[in-house]
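Each of the next two complexes has subunit A plus one other chain: subunit B in the first, subunit C in the second.
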Partner chain A sequence: MATLSWTAAGAGWQAQRSRAFAFGLAPSLAVLLVITLVPAAALLVGSLTPLSLTDPAATFRFDDPLVNYRHLLEDGRFLDSIGTQLKLSVASVALQLGVGLGLALLLDGRSRILQASRTAFLIPMVLPPIVVALIWKILYTPDISPMHRALEAIGLPVHSLIANADTALWAIAVADTWQWFPFTMLMVLAALQTLPADPVEAASLDGASRWQLFRYIVLPHIRPVLVVCGLFRLIDSFKAFPLIYVLTDGGPGTVTEVTNYYGFIQAFNFSYWGYGSAIAVVILAGVFLLSWGVGKLGWNSHEHPGH
Partner chain B sequence: MNHTDQGIGRRRLLAAGAALGAGALLPGRAPAQGGAKKYQGVTLNVSTFSAAYPKLLQQWLPEFEQLSGARVNFDAPSFPIYNQRADLELSTHGAAYDVVNVTFIYSSRWIGSGWLTPLDDYIRNPNLTPSDFDLQDFLPGALAPESGADGKLYGIPWTAEALLSVSSRFDLVQQAGLAYPETTDDLVKVLRAVNRKERVAGFVSDSHYGWTFVPYLHAFGGDVFRKAPDDLFPTLDTPEAVAAADYYANLLREFGPDGAITYQPDQVTQALKQGRVNFSDAGQLHLAQLGDPASSRTIGTLKFGQVPKGPAGRFPGTSVHGLGIPAGSKNKEAAWAFIQWALSKKTTARAVAAGYGSPARRSDIDSQAYRTRQVINGSDLARLALDSIEQASKSGHMKYRTVAVYPQVDQQLNKAIALIASGQAGAKQAMQQAQAQSIAELKRSGLSL
Partner chain C sequence: MSTLGIEVSLQAPASAAPPPEIRLAPPRAARPARAGWLRRNVRGMAALVVLVAVLAPFLWLVQLAFRPADRIFDEALGFTPTLAGFTSLLQGNFVRSFANSLVVSTLSTVLSLAIGVPAAYALTRWNFPGRRHVALWILVTRMAPPIAFTIPFFLAYRWLGLQDTVVGLALVYLTFNLAIVIWLMQTFFESVPASLEEAAWIDGCGIWQAFWRITLPLAAPGLAATAVLCFVFSWNDFFYALILTRTQAVTAPVAIVNFLQYEGWEWAKIAAAGTLVALPVVIFTVLVRRYLVHGLTAGSVKD
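Then we have the complex of A and B:
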């Protein structure tokens, strides 16, 4: 009996605690709901209509809610834009991870020169995206570009990289890498500073080479950080906009037109908000799926690969 | 030091001029009556794209503010940025802007969708508009695109310009023993003779090909739509259109500078001013800047002409931009006071005297000040533009441009020419693709084709 009343009292106390937590969390949840879920729901609702801002009254209707999604399946430009998006995302994220990791390994030390270099390498990341785009617009415009002039001076003239269909996407990937490799560099540097000295020292005494030290001790230690960086940058790469807007406008032709940019054209150049919303919903679903897939790969486990 | 003194002197002179001329410049009784400042406390948000006339207005704003009492925020971003921003703002019936530029390509879309305010009642009201505003002084061809299907006027034009041809290094053409190219065949002959001479590329144009390419499309006997504005079925894959696209993309590919397909209007103007590119087609607004002795290195070698004739004739592009009031504005009366100040006879004449190159008032176009300034190195830019505008109003070939769905087709033309010029597709394939995508876009807009 005593046990029962104690259990009931405990349950009551726990319920009270849960209610107090819920009460405390309620304002935050309400704000979260308003600023994230409501716009997302509006996007989804909009995507089920042929809404055009030139005639919103007549086009905000739900008589054929899947019309936009059916059109997307037949829209060659949209389907091509997905391929372009994947190419750009994979190329720029791989480059950012490679360059960021390489520089972090080179700059991992305590000297003043290395500290100053680390600070200098962070500059691209803190510049506003439109400024980055303008810097690269100058670099990629042969008439005014110091890069083109220097290459010409040493007898290696290069044609405009953003006007050439074979190089335009790579030119954007390089500019994007320049802006965002510091993010990976910073994260990896932080991880390297938590690397315990003992295993490295022990392996060195056992005769491990620098490559073996990196492969079997450093890389397993920083791998979770690299995965997080990759995932962050991958998700962010789907939002690529200012570089494409300023450098190529999606061209030449549609060779740099990523899905995000195509959605922008449909919504803001042509006022097809329903269709633009459907494109945005597809991007949203794609990013969710991709994040989930990357998580499922198990790369973010802290366990040793042997386990 | 001397330079600074001159600067101060100029500022003093401007200030004195402003004080003296302000009363006369402010039209009639509109903004200030009986000494009271009628729009005291009102803040007007004005937005246009960046161009010569808005820049002059920005300089003279303090005069309007002083006399009307209104405060004016004047925003003038680049052409594409302005259009996107204004299109979005107008479509939501927002009150962010009180005065906007009515962009030619969007005029039908904005007017037809009810996003602008009819100006007829303001013009007719003698308390708001003095008789010397004289609406009839504006070119009829410039007022037409600012009018709706309901016959009402939605914008007052500040520019009526034509797409003209230019050779910045005509001396090279003369050295080759050739004349200014009159036809599309002549143009290729001349370009073959002068291309890369003295490191000057032959030809470039603004990558907005939905504007720069269309005179060639017409010249080859093609068109954008079957018969705008009544039959809007696109006609981008006809043999004539394919031939025109092939011809034009080849001009860029064979004679263009490195990266020709990425050139924006300002880049084209700079390339012509510096003599890095010889031939181009550009709006008169941009070409008039080539006559600036302070910044143009080619002022002594340039020559202007009309866009070349093709097998079907000559079809110069024309364009009109005006100032209008958004339907969502909360300061419409003050906005109208601003527009009539900005486009009063006195203000436009003052702009012409300051070197403005493409006015829309007949009195300005006929003025001696304007005609004298528009003769640059012996080429009469004003005459060429007037002839082009007259020709366009007779033939009606510009009707394609103000239909509400043209922005969608315009973009397909931009893509098609870039695809051909960059070697990604043949002319036939690119134009067939443009046709198919234009049809899809127009159907999405609700048109039954």
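Then we have the complex of A and C:
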């Protein structure tokens, strides 16, 4: 946001400058228009038609534009998928915030070891998601899993957690937490950098315990970051795909079938593109709603720091 | 310039400045120095123990890759490492998938830099009406769930003949890479003093000439970091590749899933493939760790 102190500029030079900048900006805007806004519009239009592989002629049939959305309201599998999505998202985001916060507090120091291990803790987050899914597939496959072997060794053999309808969703939440806790960890570490030293020093001179320091000084300071982290992860959790695809394929039955996955099945397994588009529009609406919430909260916490 | 703001300064991307160190937890005034030293190291040890525990699942994958195929189900932890898992990948299509991944990721990175870098520069230096809205729109594209893009892209590609092509996939990756480039490069360009460019303009350089000769070289470390991040994000994609490829343009992550589905008992081979796909990302993480933080949290903090 640099303001130029270019005072000698004449109007001609200014116009020339604006033209040059517009010339640099135009290709990006044109490409973004074609690859984001046009598909979004196509998605919306497609969701109003009964388009599918078996009925390609339906591309531009709008005689009953809300048919897909009406169908969604009666589709028990879709409604269940929203419940599953919420359970998975809330559980894994809560776990990530807890683990991320704990590790950030542990790593908040200047020693060499702490500095160096910080990068290593990022590995789960940067690994290709499909490798993360593979890692957990191995952990949840009794034949080759170190976890299952250890449990067997202490006399507690457990059946595969992802084949059991009661545990499958939580098994995925754990894997998702492993992948994404570094995000919260990073953000909280960054927030701890800006923690003012004076109040902490004053409080510890006054004999505040470590828990009191955390509760009354550190926590209020990082709370806005935790809120934003939570919302960001919540938005991203709607996109979770590789873990479910590799670990459970939505099963057993449909207990791990989240909305995103149900949309994928409708659109690409059954080739009901119109119906799949309607599901995608619902997810998109949810994402925008939450993004808007992030913006709102972000601004508020900016205006009233520490609240 | 951010829209979603709390005041958090992450690793500042100033090209020349050393990375800011995370400040020590407040000094305990009343404690003797030795106790502080001990405490710090206890904490470091605890961190290392946790680190090993956290990375154990990943390390288990890597050791499986080096196990002889007939020892995979062994109870014993010890074994003589072998490269058989890796060499078995040489037969079959994995090499081709790996090459596809390299080509797609490189192509998408080059494209998004070529298109996005001038735009980022214009957004940094040009205060035009509506600038904030454009910046916000670019950020929001990063939030949108891939499923919303895949259905239209899938249908359009069927019609355009871009299905199952490397070029088609590289174009789709622009949906997230372009936003990353524009967003990140703005922060790097901001750290280049505008006065340098103004001096060049007085000497008769055009806007883009000054950019090419002065600003871009100064922002080179940032450019490299951005390129790495674009590459990694493309490399890591699974969803688009799964849907938009069939046989010709299959990428390495999709190849791994095919192994799991059709050769699910060959764990050594599968683990070797997983290790190979993870390798470039882990290397890059170490190389650009200074900038990584910024890229991974792009948009979620106030710059």
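We adopt the following convention: the second predicted complex is superposed on the first by the 251 of 307 C-alpha atoms of A that agree within 3 Å, B and C clash if a C-alpha of one lies under 4 Å from a C-alpha of the other, contacts with A are read in each partner's own complex, and residues count from 1 in each chain.
As a working rule, a residue touches a chain if its C-beta (ideal position, glycine included) is under 8 Å from a C-beta of that chain, and two chains touch if they have at least 3 such contacts.
Here the structure is a predicted model, which means the values were calculated and not measured.
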item	value
Of subunit C and subunit B, partner touching more subunit A residues	C
First, second, both or neither for A:283, with subunit B first and subunit C second	second
Touching partner for A:110 - first (subunit B), second (subunit C), both, neither	second
Which superposed partner A:268 touches (first subunit B, second subunit C, both, neither)	both
First (subunit B), second (subunit C), both or neither touched by A:143	both
Contacts of A:27 with subunit B and subunit C, given as first, second, both or neither	second
Subunit A positions touched by subunit B in one structure and by subunit C in the second	143, 268
Touching residues on subunit B, where the partner in the complex is subunit A	84, 87-88, 91-92, 109, 112-113, 207, 257-262, 267, 271, 276, 404, 407-408, 411, 414-415, 418-419, 421-425, 430, 437, 440-441, 444-446
Complex contact set, residues of subunit A against subunit C	1-6, 8, 16-18, 20-22, 24-25, 27-29, 31-32, 35-36, 38-40, 42-43, 46, 103, 106-115, 117, 119-131, 134-139, 143-144, 146, 149, 178, 183, 186-187, 189-195, 197, 200-201, 204-205, 224-225, 228-229, 232, 235, 238-239, 241-242, 245-246, 260, 263-264, 267-268, 273, 276-277, 279-281, 283-284, 287-288, 291, 294-295, 298-299, 301-302, 305
Contact set on subunit C toward subunit A in their complex	1, 3-10, 20-30, 40-41, 43-48, 50-51, 54-58, 60-61, 64, 72-73, 75, 115-116, 118-119, 121-128, 134, 137-138, 140-141, 143-156, 171-172, 174-175, 178-179, 182, 190, 194-195, 198, 201-202, 206-208, 232, 235-236, 238-239, 242-243, 253, 256-257, 260, 267, 270-271, 274, 277-278, 281-282, 284-286, 289, 292-293, 296-297, 300-302
Residue numbers on subunit A that touch subunit B, as the complex places them	50, 52-56, 58-59, 71, 75-77, 140-143, 148, 159-160, 162-165, 248-249, 251-255, 265, 268-272, 275
